[in-house]
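Each of the next two complexes has chain A plus one more chain, namely chain B in the first and chain C in the second.
Showing the complex of A and B:
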């Protein structure tokens, strides 16, 4: 693994250079406090220091709204949709975001492998960047450190205001061909970038905590504060649930079948025709969300389906904190264990 | 964990393209339910097993999961029976012979027929639950020698809501079918059993080691039927239930049909009771 030094002032030149390998998508400022992954028009617009984008990178692989088929009502027929496979370079991606894409790979490609997702994913390259954890990031607690480089082709680690550029794959090597503003250097360990938010247990102990958490009082407390808006799931980089709806044009002759992001936190998510609702109460839905992150898939794959980006907490209008819920469950579990032990 | 590099392009699927099937028969059989016979294009076969479902679509309205009602032993064509209860199904009501219906599937796990061969089959159908179970019943009848007794318990709210009344008559007359029908609210012409479906269970004489029960009905019914069968000492793993959920995509992605961590559209809709007993959200 080669490591190069790169001046902060030369990063725009690198972004311009990467444009030879596809459309470059990178974080941009949006308003004063918000960030967004957007197509780069001017490399000097790209933001290198950001806490998190509002919408996760999944929007580039599972678009918020996606046409599945176009149909003709008149002919009772439909046409297929060709998914564009132009190469793309994702620049300035944090480690937790990359980990979320690797989890989405599993969700969309295991069992029935979805071709739309596959095509978008296959033609993508990734350039990572380190970040300074804020009060919401807790990715270290779910096994994702700042310098986790899995999935990236190149990785920029900030050292003393400039960068060290790691070359991780052949694609990464190729992307640096002809770029002369880098110099070979020795990798340095960066100290002092500490996570302020933590889950108290190592993530591999969480499935056991959740095993006894189904009937916990914590859920009722969370449900009493939750407004059921679904912001947590829409901003979650590993949530992938969707709805499919038909839309007819005003001519009433043609239309399209679209899928759009959906949320298990919305009250009608599990409702069937006739009115039966299999997760009718908020308490059922808040619990389901957390179990999806720390128990159901984790039991099978050994990894939490949460990458610690902190979005669900940072963007919750009710101030509900995912790591706080988990810590409360841990505390409750410890109390229960104590009582079990004392009784013996 | 499945990784991108583990997947070849040819292994991926266009999961959301329906197959256009011609309606070759359509008949409103009760106030609420319509029966359809459909034909796959170019003489292909749907290739389902009893208990599976398809996603039916009408362009401009959407898709919904619908049970397959015919036996795979019926060659060439397949049948659906659809209750008019939502937006899509109320549009499908207008579909007649010659119309084209979009179909995806078949999806999910049906009855594990290998485990059912040679066994006594106890069918417990509540209301529209007879629709998917009719696939199993007719499969058993078409392969009658491969099974033991066929006991059918069927309950409906009123006599006018009974489905497939002509077939019920045929089953009634056969010596190798034990049919028991009950209604909750009898009318003046009704001469049969009255009461909920569980009232038919206590008097049954079941051979516990060879009986397999297959239950389908409204969500509220399952607990009570299972309780009745348990009081007859029928083992958990000899009970199969078909569960209704909002199976939107049919391919284990969209999340709507989840029962705790289980996708109903993939691991169900037919479940072994022993497998779903620990799932809090199942029954």
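Showing the complex of A and C:
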């Protein structure tokens, strides 16, 4: 693994250089205080210090709203939308975001692969960047440190306001060919970037906590504050549930089948024909969300299906915090365990 | 034969009806599918029977009750159009005050000359088959319903909040911009048009089924408005739906 030094002022030049390897997508400022992954038009617009984007990078592989097929009622025919495989370079991606893509890969590609996702995921290259954790990030608690480089081709680690550029793959090596603003250097370890938010237990102890958490009182407390807007799941980088609907144009001749992100936090999510609802109450839904992140998939794969980006907490209008819920469950479990213990 | 369609207005601003005439690009396509048989704002003709009757406005007087019953008797499908017809809309704010005070404020000494009722949704008086929500209802929403009815399909139902469409468009949350928005508990389907242009949601499409009202009041007050103001905002379009 080679390591180069790179001046902050030379980063736009690097972004321009990466343009030779495909469309570059990087974080940009959005609204008053937010960020979003957008296609780079001008490399000087790219934001290097950001906390998190509104929507996760997932939107580039599994678009929020996507046309699947077009159909004609008149000719009784349909045509599948062809998703082109285009080379893309994702620049300025945080480690937890990369981990979320690797988890999504598992969700979408194991078993029978989701073909549109698979095509969009082809020929993607990733350039990571370090970040300063804010009050919502807690990725270290779910096993993703700031400098986690799995999945990246190149990684930019901020050192004294400039960067150290790590070359991690052959693709990464290829992307630097002909770029002369870097100098070989010794990797440094950066101190002092600490996570402010933490889950009290190591993540491998959480499945056991959740094993006894189904009937916990914590869920009712969360449900009393939750207004059911779905922001937590719609901005979650590892959630992948979607809804499919047909739309007919005003001519009543042509139409399309459309897929859009859905959320298990919405009361309509588990509603079926006849009006029956499998998760009718908010309390059922808040519990389900957490179990999807720390129990159901985790039992099979051995990893928490949460990457600690903090979006669900940062974007919750009611200020409900995922790590706080987990910590409350841990506290409750400790109490219960104390009472369960047989003392002689 | 094409379905015979009619439009009627009750207590309202008539805006929902009027924006049918603004379809322009789609008007000719629409008229290929339906026959317009009665529409006071656009034509003089009258008819005896309607396949689809669109009702705008809320029911606010004894004569309204009589008239809506008459229309219902002569219609196969009856659709409530816009916030006033669906749940009483802004008109229903008068229901928060004693009816005598309301009459006195509006008519002064002549108040006994004008019979009045609390502002009611059309569905409180007659059976309503479908509804198009919003103030005003969006054209897209209306077209989706009309096409579904023409094709004999179920029109789309909206059970998720405005926040969903807002998030899918990757809008910055208005709460992060210092505004107080009713999006989390308001029925979606409007493509989050107001928040997308920087205006907070006022709840014109009605409140979701089984809302967490206390939770929502807590969210609103914790973002800097008084409880009184929060309640007023929630009641603006939903006096008939929310019990505070």
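By our rule, the second predicted complex is superposed on the first by the 341 of 344 C-alpha atoms of A that agree within 3 Å, B and C clash if a C-alpha of one lies under 4 Å from a C-alpha of the other, contacts with A are read in each partner's own complex, and residues count from 1 in each chain.
The definition used in the following text is that a residue touches a chain if its C-beta (ideal position, glycine included) is under 8 Å from a C-beta of that chain, and two chains touch if they have at least 3 such contacts.
Everything quoted here is computed from the prediction, not taken from an experiment.
When the shared chain is aligned, no partner comes close enough to touch A:192: not chain B, not chain C. In the superposed pair of complexes, A:245 makes contact with chain B and with chain C alike. Judged by the touch definition given at the top, the superposed model places A:271 against both chain B and chain C. With both structures placed on the common chain, the touch criterion links A:178 to neither chain B nor chain C.
When both complexes are overlaid on chain A, the residue A:108 reaches chain B alone and has no touch with chain C. Put chain B and chain C next to each other and count what each touches on chain A; the higher total goes to B. With both structures placed on the common chain, the touch criterion links A:231 to chain C but leaves chain B unconnected. Look at A:299: by the touch rule set out above, it reaches chain B but stays clear of chain C.
Put simply, chain A uses residues 73, 245, 248, 271 to touch chain B in one complex and chain C in the other.
On chain A, the positions that touch chain C within their shared complex are 30-34, 36, 54-55, 59, 64-65, 73, 223-231, 234-235, 245, 247-252, 260-261, 263, 266-268, 271, 282, 315, 317-319. Residues 26, 29-30, 33, 143-144, 147-148, 150-151, 156, 159-161, 163-164, 167-173, 175-177, 183-185, 208-212, 214-216, 218-219, 222-223 of chain C touch chain A in their complex. Those residues of chain A that touch chain B in the shared complex are 68-69, 71-73, 76-78, 80, 102-103, 105-116, 118-119, 121-122, 214, 240-246, 248, 255, 257, 259, 262, 264, 269-274, 276, 278-279, 284, 288, 291-292, 295-297, 299, 301-303.
Contacts from chain B toward chain A in the complex involve residues 1-4, 6-7, 9, 11-18, 20, 57, 59-64, 85-86, 88-89, 99-100, 102, 219, 244-246, 248-249, 251-256, 258-261, 266, 280-281.
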